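Shared between the two complexes below is chain A, which has chain B as its partner in the first and chain C in the second.
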Partner chain A sequence: MAVRDPAAPLRREWHRFTPAERLARWALGLVCVAALVWAVRAIDIIPEFLADAPEQMADLLVRMWPPDLAHYYPAVHVALIETLHIATLGTILSFFLAVPVALMAARNICRVKALNLLAQLILVSSRSVNSLVWALIFVAVFGPGPAAGTMAIACRSVGFVGKLLAEALEETAPGPQEALRAAGAPWGHIMAKGIWPQVQPAFWGIALFRWDINVRESAVLGLVGAGGIGVVLDDAINFFQWERVATVLLAVLAVVVVAEVVVTRIRARLI
Partner chain B sequence: MLAPSPPLSIRGLFKEYVPGKPVLRGLDLDVEAEGITAIIGPSGTGKSTLLRCINRLVEPTSGEIRLHGENLAALRGRALRLARRRIGMVFQEYNLVERLSVMENVLCGRLGHVALWRVFLRRYPQADIDRAFALLDAVGLPEHATRRADALSGGQRQRVGIARALMQRPDLLLADEPTSSLDPRTAVEVLELLARLTGEVGVPVLLNIHNVELARRFARRVIGLSEGAVIYDGPPDGLRDAHLRAIYGGEDWL
Partner chain C sequence: MSAAARRAFAPNWAARAGFAALALYVVYATAQLDLTWARLSIGFGEAGRLFARMLPPNFARWELLAEGMLESLQIAVLSTALGILLSLPLGLLAARNIAPWFVAVPVRGFIAVCRSLHYVIVAILFVKALGFGALAGVAALTVASMGFIAKLFAEAVEEISMKPVEAARAAGGGTLAVLIHAVLPQVASRFTGFCLYQLDSNLRNSTLVGIVGAGGIGGTLFAAFKRFDYDFVSAILIAIIALIFLAELLSGRIRAAMR
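Up next is the complex of A and B:
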């Protein structure tokens, strides 16, 4: 007869996962690896090109150096300013479009379920289309130039701005709104004094954040002819003027860094 | 001579949030022209629902609520808004607009009267501003007018809440657990202020309150509510342990 450990019934075992969970985790890991392998095989890497990639990169950098800074003014400068205008105007325009949609999407403000869904559909469709695709559409409508770029930026931003704004609206405390309603305030007054003060920091935060993104997005819109610095970049690449390409890239980098710093500073003051 | 009809008269007030489970079961209640009427009762018994049915933050299922003869339960749209302007409300969580100044929070009591463009541009009528300053003096916060509401303590916030409600020049003031979030001393101070200021202008107050002692101390009349029906209705010194047992159930706590 085997010797029984008298403490055995008292010993309690603990495992983080049940056997079934462990199996599932292994399976999940296997799926991830499979997906990775499949993806790598699908993108058709040509071994010869991969092998001399470092060489090519080095060559490109050498061609870019030194940047053709003389080219900055006026061509790059004018395009850069145009890019900023596209970003700013596009952001402002997007707010005019996004505010009504956000009000319609916020379930605590618009009580009609069908309208909530419609607003959400508008917001999702705006976001599902990349700004380059929007730009292609508006170049077809308005012809090439910054007008198309501005509309593209605006339409792409509506989804982003509207979604964040609707979330901010839904997060507002109901108490103050209830108090104003109890005092007999009409709808517009409740919006102005019960809701707006609560979403104001979020509103300006979203505006700055989106403007920051739009500065970067509008820099590439020129690739499809929608105005801005992308046009200059595209031309320079097409003519193999790599020194000019370097100048454009440096200019964009400088603007993005400045925008980042400015936006961060203002946002810190807002709250 | 006929006794004047009470300003607030409730008849057969029913409210059910879920069909078949009434919170208020055919409540009848008259509130006199002056003084504090305290409503006591266990949580979930419909005290808040009763107050919110009066200014229609909650829709009554059936029944009549007459304020100076007008049936509030039947009002809609603009008429309801105009009626709400005459009913002040003080909340447990103060419900101030946190990011607005104390002054603007008090002026919020006048939002039903001021044109939207004035509200937007903060161009409130001077008469309203004068009155708001007077009320801030009365609640003891004269130097806090420009501070933001979220910078105030709980007691100070509730004082602003009272000033906002009085800013409406109400015919009736509803106070829904106004002291439940305050420490005992501040609670007494706030209730003293509420009693004094509403007494001065002769506004009747309906006060929901958990604290039986405070109800006894400040109310002219106490209504004990349990499961949506009135168990006790009378002067505070008529309230006996037997009543409290009937209202709250059990007896070990007494």
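Up next is the complex of A and C:
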């Protein structure tokens, strides 16, 4: 038996990745570069537009200054309040729609596989269709106005809220539920006293988070006629009243920032 | 311990008051927005008719559909790449442990503005400034990507351990060497994660910016809506949902492989 060279392991060449991993990384890089090259070559960009872009941007900004602050009251103000109503009401409505779907999607609450799948399908399709597309559909259904916007916000939020709520439901500890069941509590009581206290923080967190997103989203719904501040913005842009556009943008920016601060505050106190 | 505290399941009056207030708000807001039951019931009748006209989806103009989808894909790829490229310096400049405060504060403000404006609003402005077409879409989604990636990247950089940074500085490393060898290795994997997520969301959003004329399938969708071509609309919607579903599946796989 040959004497083993004690220094052999030290002479071994070390690599951070296995050859297969290196190949995969290289291939991934190649795919990224190829996609980029393809996109740059194939995309339809008009060089003249690109050339005078800085000039046009500067022109736009000059026309926006100074913002027409006199326009704020009442037109922008009323539309802003409407936007907030759309966002809030849409969020509340989405919870009414999402809670049953989430209960159906949570595997520890609904034991029927087919219903779980159906709920997942509902959630995925709600999330895949953008809120503006939902708004287009609901404008065709309800006619232009905040009703369409509220429904659009609600339908878009169902997927998001339902998914997070279902995950929270699946993470609940089974102990309290079993105890209640053993004590003979009916289904409603198990839900109210065994599950609700456990998902309550997640529930309010999701509600605040989604409300914050919905405030942003509802600001643009008016572009397709679904009410709110987007209508005022669209009108101002179509009439080339750039000072008014600046006012609307500042108002939207202010509301979004305030909403974010409020949400962060409430969340810090609540959770 | 008082008797009241010993009651199991004591009523929570504060919560009940909160729910009552919420219910009152709902009544008030529905009145404000003129959401009446009559209107809803008419709407549901209309929804039935709309749905009937959407079925079956009409894929006869699949060339138009494919062209729009490809352009959306290009917008998503380009805006993500540009967004990543711009987010790297922006994120580093916004990190308060790397950049001095007089740089970090204005850069943070800029990122916050990028994030606060909805990408469709940004797209409108870019359409006015750059003209109709994919360029405006790319620019708008680049701004949105910057807002998202740079913010999270800056937060990730602020959470790094400063020990490698000090070691690199002590060994005489310049700013660039410190960044490349001490900062970036600590945040690289999280950065890739943000970029992947943003690619996903850019893909969703690129199917939409066309509604305001910024290129992609959204323009085709909006035109079909305006012409009441509801069967073509449903075909486009199915294509979009399929694309996004596929992207979600793929990015889920990549994320699982990265872990």
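Everything below uses one rule, namely that the second predicted complex is superposed on the first by the 258 of 271 C-alpha atoms of A that agree within 3 Å, B and C clash if a C-alpha of one lies under 4 Å from a C-alpha of the other, contacts with A are read in each partner's own complex, and residues count from 1 in each chain.
One rule holds for everything that comes next: a residue touches a chain if its C-beta (ideal position, glycine included) is under 8 Å from a C-beta of that chain, and two chains touch if they have at least 3 such contacts.
In this text, all values refer to a predicted model and were calculated from it rather than measured experimentally.
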item	value
Chain B versus chain C as contact partner of A:180, first or second or both or neither	first
Which of chain B and chain C A:217 touches, first, second, both or neither	second
Which of chain B and chain C A:18 touches, first, second, both or neither	neither
Residue contacts on chain A - larger count, chain B or chain C	C
First, second, both or neither for A:193, with chain B first and chain C second	both
Partner chain in contact with A:238 - chain B first, chain C second, else both or neither	neither
Intersection of chain A interface sets (partners chain B, chain C)	193
Chain A-touching residues of chain B, taken from the complex the two chains share	55, 57, 81-89, 91, 93-100, 104, 108-112, 114, 116, 119-120, 161, 164-165, 168, 174
In the complex with chain B, residue positions of chain A that touch it	173, 175-176, 178-186, 188-190, 192-194, 197-198, 200-201
Complex interface listing, chain A residues touching chain C	35-36, 38-40, 42-46, 49-50, 53, 56-57, 59-60, 82, 85-86, 88-89, 92, 124-125, 128-130, 132-133, 136-138, 140-142, 145-147, 150, 193, 216-217, 219-220, 223-224, 227, 233, 237, 249, 252-253, 256-257, 260
Footprint of chain A on chain C - complex, ascending	9, 22, 25-26, 29-30, 32-35, 39-40, 43-44, 46-47, 50, 70-71, 73-75, 77-78, 81, 112-113, 116-118, 120-121, 124-125, 128-131, 133-135, 138, 204-205, 207-208, 211-212, 215, 221-222, 225, 230, 237, 240-241, 244-245
